[in-house]
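Only one structure is covered here, and it is reproduced in the block below.
For clarity, chains are labelled A, B, C, D, E and F in written order, and residue numbers in each chain start from 1.
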Amino acid sequence: MRINERKVNQLRPITIETEYTKHPEGSVLISVGDTKVICNASIEERVPPFMRGEGRGWITAEYSMLPRATEQRNIRESSKGKVSGRTMEIQRLIGRSLRAVVDLKKLGERTVWVDCDVIQADGGTRTASITGAFVAVVLAFGTLMDKDTINHIPINDYLAATSVGILPDGTEILDLQYEEDSKAKVDMNIVMTGKGEFVEIQGTGEEATFTPEQLQKMLELANHGLTEIIELQKEALGKWAPIMEESIMREADE
Amino acid sequence: MRINERKVNQLRPITIETEYTKHPEGSVLISVGDTKVICNASIEERVPPFMRGEGRGWITAEYSMLPRATEQRNIRESSKGKVSGRTMEIQRLIGRSLRAVVDLKKLGERTVWVDCDVIQADGGTRTASITGAFVAVVLAFGTLMDKDTINHIPINDYLAATSVGILPDGTEILDLQYEEDSKAKVDMNIVMTGKGEFVEIQGTGEEATFTPEQLQKMLELANHGLTEIIELQKEALGKWAPIMEESIMREADE
Amino acid sequence: MRINERKVNQLRPITIETEYTKHPEGSVLISVGDTKVICNASIEERVPPFMRGEGRGWITAEYSMLPRATEQRNIRESSKGKVSGRTMEIQRLIGRSLRAVVDLKKLGERTVWVDCDVIQADGGTRTASITGAFVAVVLAFGTLMDKDTINHIPINDYLAATSVGILPDGTEILDLQYEEDSKAKVDMNIVMTGKGEFVEIQGTGEEATFTPEQLQKMLELANHGLTEIIELQKEALGKWAPIMEESIMREADE
Amino acid sequence: MRINERKVNQLRPITIETEYTKHPEGSVLISVGDTKVICNASIEERVPPFMRGEGRGWITAEYSMLPRATEQRNIRESSKGKVSGRTMEIQRLIGRSLRAVVDLKKLGERTVWVDCDVIQADGGTRTASITGAFVAVVLAFGTLMDKDTINHIPINDYLAATSVGILPDGTEILDLQYEEDSKAKVDMNIVMTGKGEFVEIQGTGEEATFTPEQLQKMLELANHGLTEIIELQKEALGKWAPIMEESIMREADE
Amino acid sequence: MRINERKVNQLRPITIETEYTKHPEGSVLISVGDTKVICNASIEERVPPFMRGEGRGWITAEYSMLPRATEQRNIRESSKGKVSGRTMEIQRLIGRSLRAVVDLKKLGERTVWVDCDVIQADGGTRTASITGAFVAVVLAFGTLMDKDTINHIPINDYLAATSVGILPDGTEILDLQYEEDSKAKVDMNIVMTGKGEFVEIQGTGEEATFTPEQLQKMLELANHGLTEIIELQKEALGKWAPIMEESIMREADE
Amino acid sequence: MRINERKVNQLRPITIETEYTKHPEGSVLISVGDTKVICNASIEERVPPFMRGEGRGWITAEYSMLPRATEQRNIRESSKGKVSGRTMEIQRLIGRSLRAVVDLKKLGERTVWVDCDVIQADGGTRTASITGAFVAVVLAFGTLMDKDTINHIPINDYLAATSVGILPDGTEILDLQYEEDSKAKVDMNIVMTGKGEFVEIQGTGEEATFTPEQLQKMLELANHGLTEIIELQKEALGKWAPIMEESIMREADE
């Protein structure tokens, strides 16, 4: 039995609040247990200079934590004057994951800026960011459709992420909260699409290793959790879910 | 008549939500109209090296905006690798204002870190930060009292801030929202204590000037608004308001 | 009685030496007591990219201190690799103040760079910088008139600055030198025009507060001092003073 | 058939030259096809301040490329004044991988600095770095044994890395060279121990996804290649291979 | 007698290996005793913006050391976020020296990037860099001739560098290795052309001075050594040496 | 004939004004023609951490230019966030030169900070800085003698610097002003002691070379000029010149 009587294959309670702030084209507050991330998607009607004239769009992500999102206060990266390796790794992961399901050609010469700002951290901030960012991006495309700037949602599939891991006693578990994460010997982040295909697998032994059998077990846990998360994304998307799904099916037919 | 039928001497609706995030000793979400700032106060049980052994505490403040807190997305200061002049000016103002009412001697060798993170901006972010930060700091002291680390609240008076200004037509107004602020010819921030004394007056003509009479008019508007704001702070502080007031009175008697 | 038998409303001796270095369009060495600042105004025949084609000019200011302008040697900001919050606050203040009296439309698409370099500091370096910078800017415009690049001085009024404050014993004083400034409980910088209107008021309680009556008293001292300083600016400007005043009057008539 | 008639499960020619430069405790030049990396391990007889007195050691890695290691010249990170996200991600990966097989407790209060400098790049620089770094670290421990500073090799197992991927036509391949890597739709780096356990799995779809079956296929290819690479490491280690293996077995018995 | 029985006027063994890495237009590994430097010359078919349209080319050099090129590991300049004064001084010296013999007009609107990366240091890294860089640059021009991009080698003369110095006992010596350099009281770097003319003389007393007679003695030693080094450059250049010499002679005739 | 009818071996008018600002232990304004540099020497009663306990002192120099010291305004290095290669090269030269004549052992555990700030530039700013810095340092030691902190001047000899060069027509000249410097084909800076020994020779062909005979000619010009400059230093030092000379002679006797 885990903290709060969670089962090994049980997610923490997840909520996805939309239209969280008023300025961004898509704005979401995602809570995964005590982890809370503001995910904002902004659309800029141009691409970086090196991509101009190619007819394709671009998505890029930034990730940050409030200094006191954590138990101990962290120094702001703006005060340090540089972004840490961990932050860069996470923002590259978020951007790369989104690019796997956003159709950059159909997006046209636009840039999507995704900002994931963690206001409270309790493990799994990068996977919560991906899950929330996906919803924010779809909603931003919805805003563009409402303004008749685009006439479809340039997305190929759902996208969600979660973590799995192995506790010191060898148990494989789903959706690690901070206390579990800090003592786990293996930590794995999985980004998956609605069709159950992988976008990203990042598994790491922390001064430890894992066998092919343990890998298999963890992949199954992730698949179980992500199916559930994608259902929650659909609910959060509201009217935009069927519109997006129709775009995807039309695409598949062509 | 102003936007939303506000009167010249009328504040925007203000709410102060306490215990907003779980890690900080004091955590507040303040909304002043559409301006929303998370104000977190963290207590560290030591002071910077250059102050050790002096028996005094220290308060310092940091201020930041989410990239999409504004109409247009701003580049993160961590990405730029440096903090802008505007940000530094604001964090110096917040820190200085708090030091006017916190009794650093009574605080003992502790550092109070105040983080003001603007999640949505609509004018007056620096004054909302000061008003919210004051509440967060008192609540952080409350947390320390609950833990029996300190046995009183080392504060001398209430502290709140608002803005006043002069519209292009010459009207003096209270609590400028963004649309007003961007066209105002004079902009003034006032930080005041519960006794009605000034901590800080920063009045600036934007390619314009103002007369002594206009200054007088603006100071009166500020006084009117701040009296109201301090009442809201008292409510937000709940049980800690009378405890703090008692500390202040005891102090005055000595 | 103050240091050197100065009266509470008495300025330190002020000298303004023009044509101090040979390269800048306007170059001034201002001494306010032992505070000495080189104020250079440079004119560039273009504006920053974001302003091109608008037909308006731009003024920007930079401020710096020699490392040993002060009692203790300070680390150079170029060695530290970043400009301090204090420096940024001061250069924003100088630039903003000048923009209140320079007519950017009449200036045309030109940039005025103002460099204030403190070679010796004894309190009041930012107000001395503003007073000296005003003279340097007018002289730079004079150089442009001599070259027939412009045919009038695009200035609306005189501009000068001084400090006022409250000593620990409650006395309000004019033009604080370093020893007074470091122990003052309130410190206020006033930037005023020739017509006696305010451009900027920045009053700060240093771990202290001040009443509306004390504010009034300080404003009167400042007004007294600034009237005198503007007379000294007129003398320093020499032949350019009547030419500038004529421009101002012609402007007022239109 | 691949470039140079390589088979899908065939590694490029690999050489590991030891004692490459004279100063480091362990120095290796690894070539994997045309990818060439200098891997130097330096031992410092102390740990970072925050770890002192804990009796444990520390390993950290840095990674860099000569500007012209690639087809097009890259700007030096020292000239840009900051380390790119990609570089940070790689050096975190190398360090983490090594920590999975180095016994930090047995290492004692020492720091191992691993420097991987790519002098020629043709795909797989991060996995070549890990494979070469492992050899350099063991040799550095050998140098310490020769000096009687330590009396065993504090390593738990062999460690090697390679890449696998999926070509646009769907073929899974082993050990991607640059031309293959740049067009692959899936790219996966695998770090494995001598016992065939995983230390790290990083699989990424580049604007693409992959199925669980494809994942399985790639893991098999990686296992095949890594078994071969570990044999080459044994040869390169020479006399230190049996000494290290003995340490590992002794450890397993306890 | 010096270390390894070297005579006062004897160079260390020098080798110049060409085509060291495959990507650069010119690539050299130069060894001067135990000092080893990779010198790569890259040609870019354009010049920096400020030089466009002038019909002239540009050469610029960068210099760096692997962290463990030296006895003690050095912190990477990319990690520190800035390039040291020593590095900047060396890269300016290399660039300036090359510009004395490369005919920038004949080069046309191209940039030559020279990268000198020290992989092992034992004194004289800057002079070895110049000697090796010259060969790399000529070879890069050879590559351009092979591609018919240019039809001559835009070089006016050979260029080589060495060091001379004075030991504490007053002996003048040629080509200082690290152990000698670290105790020498005078250290002088000489850059010379094939005709025996000086390009650069940098002589420095290290908390010491030197007389005009000692200067004369050192210049003679340098002349002796550089004549020998230029012979080695000719051999390394192979077929390109006579082609270059012919270009030089043709030039002299005009 | 040169500009202003100067002869080839004639220095520009030189003045050395002492006690230029009040805070530094030694403060000098040196003018060499239109080149004007403030040279301040500050004494700190401790050495950097890595030198503590060795009983030796340290001298370090910093060099900077006001933005408008030159014809065109330069961007401040503090604004750029880094110090240029040229600045670093110059500050290293100034520091190294001073260390050749200051007896660091006799100085004791003190640091001398030398700040050379160019307020007006017309060629030869680095050599003027060295000449002025020497005077400022001796005066700073004088201040310490006046305070009885030291009882002698820890200096071994006079120190001065000047430039020589070769004009395009082949004439060798002394003390280049900016107009000459910018067209000279060879530029050489010479730092010399009172005894006529060299501390530093830095000769550079600017896309040009020079023969041994031309070197000889330039060294003679430098010797002529520096003899004259050292006389001016003696005058500027006033009563401290004989005190310093006596220290030097006493030293020589031991």
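Following the convention adopted for this analysis, a residue touches a chain if its C-beta (ideal position, glycine included) is under 8 Å from a C-beta of that chain, and two chains touch if they have at least 3 such contacts.
Source: prediction; values computed, not measured.
K.L.:
According to the touch definition, list the chains common to the neighbour sets of subunit A and subunit D.
P.N.:
Both subunit A and subunit D are touched by no common chain, going by the contact rule given at the top.
K.L.:
Averaging over Cα atoms per chain, report the distance between subunit A and subunit F in Å.
P.N.:
Centres of subunit A and subunit F (C-alpha means) sit 61 Å apart.
K.L.:
Per the centroid of Cα atoms for each chain, what is the distance between subunit A and subunit C, given in Å?
P.N.:
Roughly 52 Å separates the two chain centres.
K.L.:
Two or more other chains touching the same residue: where does that happen in subunit D?
P.N.:
Residue numbers touching two or more other chains: 81-83.
K.L.:
Which order do the chains take around the ring when read from subunit B towards subunit C?
P.N.:
B, C, F, E, D, A
K.L.:
Across the complex, what residues on subunit A touch subunit B?
P.N.:
21-24, 27, 34, 36, 38, 40, 42, 44, 62, 64, 66-71, 73, 76-83, 87, 113, 115, 117, 119-120
K.L.:
In the complex formed with subunit E, which residues of subunit F make contact?
P.N.:
Answer in residue numbers: 82-86, 88-89, 91-92, 96, 99-100, 104, 157, 188, 193, 195-212, 215, 219.
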